[in-house]
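In what follows, chain A forms one complex with chain B and a second complex with chain C.
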Partner chain A sequence: MVFRNLFRIAGVLAAVMVILIIIFVTSRGIRPFIGGEGGRLDLKEFLTGSRWRSDQGIYGLGFVIINTLLVSIAGGVLALPSAVLSAILITRIAKGKVSVFLTTIVETLAAIPSVVYGVFAAGKITVLVRDLGHLFGISTYGGNSSLAVILLLAIMTYPTMTTLAVSGMRSVPRQLDSASLALGATPTQTSFKVIVPAARSSIVTGFTLGLGRAFGEATAVSMIAGNALTGPTWNPFDITRTLTSTMLTGLHETTGLDYEVRFSVGVILMVVIISMNLLVAAAKKRLEKKGGAAL
Partner chain B sequence: MTRARKAKDILMQSITWAASGLSAWVLIAILVFIFTNGWKLLDWSVLSGNYHARNIVSGFVKESFDESVFTPPLSLSAEDIVSVKFGFAVRDEVDKQKNHVHTITWVDDRSPLREGTITTAGAAQGDPAPFASGMSVNKIVFSDADGREETVGRLKQQSPREWVPILDSRAAFIKEFHGKEPGGGMRGSLLATLMLIGLSLLFSVPVGIFAAVYLHAVAKQNRLTKFIRSSIELLAGVPSIIFSMMGITLIFPLIKIFGLGGQSIILGGLTMAVLLLPVLIRQTEEALRAVPSSYAQASLALGATQTETLFRVVLPSAKNGIFSACLLAVSRIVGESAALIFTMGTAIQDFPKLTEGSTSLAVQIYVLMRGENPNFRLASAISIVILIMILILNLTVKIVSELTDRKGNASCPPRRVKASKAS
Partner chain C sequence: MKLKKRFTTLLTVILALAMILALAACDKKQGTDPSQPGAASGTTAGSSPGGDRAIHVYTRDAASGTREGFESVVGFKGKLTEYANEVASNGAMAQQVGQDINGIGYVSLVTNFAENNLKPLKYEGVEATEANVINGSYTLKRPFSFTTRAGNDYASDEKKQIVEAFIAYLADSKEGREVVAAAGGIVEIETGKPWSELKAQYPIVDKDNSALEIVCGGSTSVEKCITAALESFQGIAGNVQFKIDQTGSGDGWTRVLGDEKDGPNASDIGFASRDFKDTEPVDGALRHGIFCQDAIVAVVHKDNAVMDLTKEELYSIFTGDTGTWDAIGR
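And now, the complex of A and B:
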């Protein structure tokens, strides 16, 4: 009986954590707007502003939100085709050991920690972007740019999307496959035109999970974002600033508005991720409805 | 099949190969970059060395010097200037900051210079002073046979070729040694990472296993259970930087009650414990689900209570899966950076303490990469250490799960249960 209650407490505790996180981070994050220590911020300006000058006490996060959405979605969209194609290769075309080997590559990419990606991005991706800029006659800030962040996020979201797409394609019923082949389609046509649409629910889930990782990715992105002071950044070769890179700047402060505002940025990050999830969930529902009618 | 269809098929297939080839190429590029930058630097002194360089001033007593003559090992090159009287060799080198340094390359085991004690005021005063290969010599103060003091070394603008012969010919004994212990090591972060692993697992493994047992065996299939499941799912999607904020806003005030203020490994460990819960619960539940229900039924039929059945039959049968869950948790801790930056701080410590802030290996990389002049070489060397750790952990998980799969169909429950039922 004692143990039964202990188990229940552990289960409830684990479940309650996420609620506690939302409550505590939010309550700390709204402090700068209701006038805590170190001054008061205007919520409207905070949400729509296009300048972030902590040295002048100007905190406009609007452009940062747009930048974050831009680089994350661009990275995700860049990774999605490669992920789906790789999943087709792994589940449908490659056989036996080759398939296992390709899966191992994806697993290894997934296991590399984000700081290591950051070191690679700062040493290689930025150099690539810098040289690309030279090619077009554009000078960059040592390669620190939107484009570098997009490429990095594409690499980092690829394993998540591939894994989900693979498991989705594996669980497509055999009948669909056989029916398509019996109708005279080639195996490759079947893979592209039957299996991929049938696995779209998993592919979309993978895309959402990948985007979630992209929005929340902090250390690697902050190494190459360049932390622009104004924005939004439309030019891919220009420096950018994301929600997470903003949270990681000026770590030396531990008091005052400069410190407190970080929690407000954290709240916005949570809001962005949650709304993205809701949006995709709604889109998925519509997609499934449409698919059900077509089948 | 028409030729056009065939061509199209081949084209589509090659696109899939190209996409996978791209990912393989990226992986190789990452590994090549990290290894070419860090492999040469990575040796024992970097693994076990301090990060912060330390100036050493040590004093010697006259009695430890005798008239012995030392023979240098054959491995020394012409660059190494040997002092046969005191049993050491130095070399003129240029360090990373382009400064000349006189690096010690050999110290004889019986050299009297190993007998020094630290003379600078402070906590370390009187401790044995290091005098070893890898350190650099700034100056040496010696006394000649008549008791006159003289100073030689780099600070007197002398090269080793000049000052070592002076030392050998004139010095009766050495009074003071001013040197520097090189920095750029990762021992502190390595220790902090190990402490963090221990603490995080200590806090999260019991809660994780209990919660998994609850979901698997105790909870009824109702709304509450569904809510708990989706909450844990949601927790898995929270970005780690938000966990960092949770550490400060939720856990920090809690441990402050026990007198722990500020950033510390304990705060980092508790934060990581929450972050790890979804991984642990999911993996443990999967392991529990893999235990055939006939085991539990047999145990219950023999008259064991539910708790007995759980602790003596179900959990022992799932131990491999639970072990794998812990290993996955460890590899998550080793790679985590964002959740620790606010909770453990960014000050690299050579002697980490549980109640004080310090960096894990991953956070040390972040600190090295920050700022105008990122230290790629050390960051890559630490990355290699992290990658090797994660590789070993993941391989172990694979081996364990393969062993379990092979044994999975064997129909005998663990031996311990049999014994306890027999008595």
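And now, the complex of A and C:
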């Protein structure tokens, strides 16, 4: 009984924290839109605008939302295949110490603070993108670009996805593996056609968590995004602006509307992340239904 | 095959969503952009890719004091080109312009140019050095001004005396100027008087002043300099307390001599990172003046052929009227 109540309290505390955060951010976030008296923002213009000029008092977030979705999803999609393949390597191909070693590396990657990734990205990824642009005769802002952000997010989401995929594949029942091999499938066929489908639930969960990290990553992203003033950014070599970089840039020095509007951006960011999670959850459910029949 | 199909389904759903949103935004953009002021001006080749010599403009975020200084001296406040890369700090500006052969940005004079692959540009033909700032020939700079409350407007005589003593330390003493210079302010140290001479006029510094608090307000740009000065002053002025509540140059005068001088944000010393305006009369103050200067330097990549730019050229680059280095013609 005692323990059950302890768990209950823990659960309630967690829920209260989430609700408190939502209430706080939302109540601050709606301030720029209420209270009239000129200089306040128009909600429609804020949600659909294509210019973010705090120096001119113009706050249009529409293009930022699109940029954020583009770079985060592209980064996640780029990381997913590498994560699944790495997980197969760790659980199916590598043996003993090699497997442990690889797992350690992936776990280390997950533990590196984002500001360290940011310094790495600002010094190396941007240079890579700059030289790549040079190859195509494209002049970039020193490599600060959508593409650099996508590559960074791919690297940052990869460990999360891999860790989840590994644990999913490890928990696939041994019999499935043996049955597949006994039926004459090669180890490779077994990995891709039996193990991966059986572990898909974990893989999708990893993808969701990875996307969450991509959407929420602020420090590293704002170091290489370039924080474009207009958009959306379609050219991968052009500078971009994300919701998080918009919130973070200049936060420490600014005051007034320019400060308050960052809470509004935070509300939008939460909405985007929550709807993305719901979407992936729905996709996962459908996947499960179909897969259940097949297995 | 089933596996592939399932993943394809998942990805299709996600991509479809992205595309729908993308298309929606596309319409919006085409619909509004031409009517937006400043968005047009077809000369902006700086829009990014395309053109090997397209100028890439770098700017600090709108809350930056350096940006405020640069924009007000060059005179393009609110007219910055749409195609600018916004960076969050002086260090990020230095690093990023140093990585971009076509980039141009601005940093404070204390930046290490060589380490960041930067070339400091001459402004109106004058090299950016501390000597040139002090002798007045380098004009891409701004003064850090201060003003006190009116002489009869301090809560107590002790408060008035300690504020006077601090101003003397900050603006007149050799020691105070050294501290300000170490914090990035530009000021002539040699002409300052030794504090040991000055302090004779301010006997209050030898008392225990831990019950007194000097409240500073106004410009955020001066914060580093006055924090350093107050911290060192505390040790030689009987442990006087201080509060630094910087919110912007506009509040410097307002909270000391203007509307808010008796409000909850009232300050003892107000600062502005510019001269006080005609609408901000400081004649009544106990003392007002300039305690140091701040110089801003336009920078390009070290391999850029450009050596110097005029105010007009900087204006035309940063507003987007000039989009390529070829148009600068150097």
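Definition applied: the second predicted complex is superposed on the first by the 274 of 295 C-alpha atoms of A that agree within 3 Å, B and C clash if a C-alpha of one lies under 4 Å from a C-alpha of the other, contacts with A are read in each partner's own complex, and residues count from 1 in each chain.
Rule of thumb we're sticking to: a contact is a pair of C-beta atoms (placed from the backbone, for glycine too) under 8 Å apart; a residue touches a chain by one contact, two chains touch by 3 or more.
Computed from a predicted model, the values in this text were never measured in an experiment.
Partners chain B and chain C clash in the overlay (superposition on chain A). Of the two partner chains placed around the shared chain by superposition, chain B is the only one that A:L89 touches, whereas chain C remains out of contact. Of the two partner chains, chain B and chain C are each touched by A:A122. Legend: residue contacts after superposition of the two complexes on their common chain; A:G216 is shown touching chain B, with no touch to chain C.
Using the contact criterion defined above for the overlaid structures, shared-chain residue A:S167 touches neither chain B nor chain C, since it reaches no partner. Of the two partner chains placed by superposition, only chain C is touched by A:G226; chain B is not.
By the touch criterion defined above, A:A14 lies against chain B but remains apart from chain C after alignment on the C-alpha atoms of chain A.
Shared-chain residue A:I105: touches chain B; no touch with chain C.
Once chain A of one complex is fitted onto chain A of the other, the partner contacts of A:Y158 are limited to chain B, with no touch recorded for chain C.
In the superposed pair of complexes, A:F192 makes contact with chain B and with chain C alike.
Once both structures are laid onto chain A, the chain B stretch out of 117-125, 153-161, 279-287 or 333-341 that overlaps chain C is 117-125. Common to the chain B and chain C contact sets on chain A are residues 122, 192, 223, 248. Partner chain B is touched in their complex by these residues of chain A: 3-4, 6-21, 24-25, 27-28, 81-83, 85-86, 88-90, 93, 102, 105-109, 111-120, 122-124, 155, 158, 162, 186-189, 191-192, 209, 212-213, 215-219, 223, 244, 247-248, 251, 262-263, 266, 269-270, 273, 277.
Only residues 1, 5, 8-9, 12-13, 15-20, 22-24, 26-27, 29-30, 33-34, 37, 206-211, 213-215, 217-219, 227-228, 231-232, 234-235, 237-243, 245-246, 248-250, 274, 277-278, 281, 307, 310, 331, 334-338, 341-342, 346, 362-363, 365-366, 369-370, 374, 376, 379-380, 383, 386-387, 390-391, 394 of chain B touch chain A when the two sit together in their complex.
Against chain A, in their complex, chain C makes its touches with residues 2-3, 6, 9-11, 13-15, 17-18, 21-22, 25-26, 28-29, 32-33, 36, 39, 47-54, 56, 58, 60-65, 71, 77-78, 80, 82-88, 92, 95-100, 102-103, 220, 247-248. The residues of chain A lying in touch with chain C in their complex are 48-51, 53-56, 62-63, 65-66, 69-70, 73, 77, 122, 126-127, 130, 133, 137-144, 192-193, 196-197, 200, 204, 222-223, 226-230, 232, 235, 237-239, 241, 248-250, 252-255, 258, 279-280, 283-284, 286-287, 290-291, 294.
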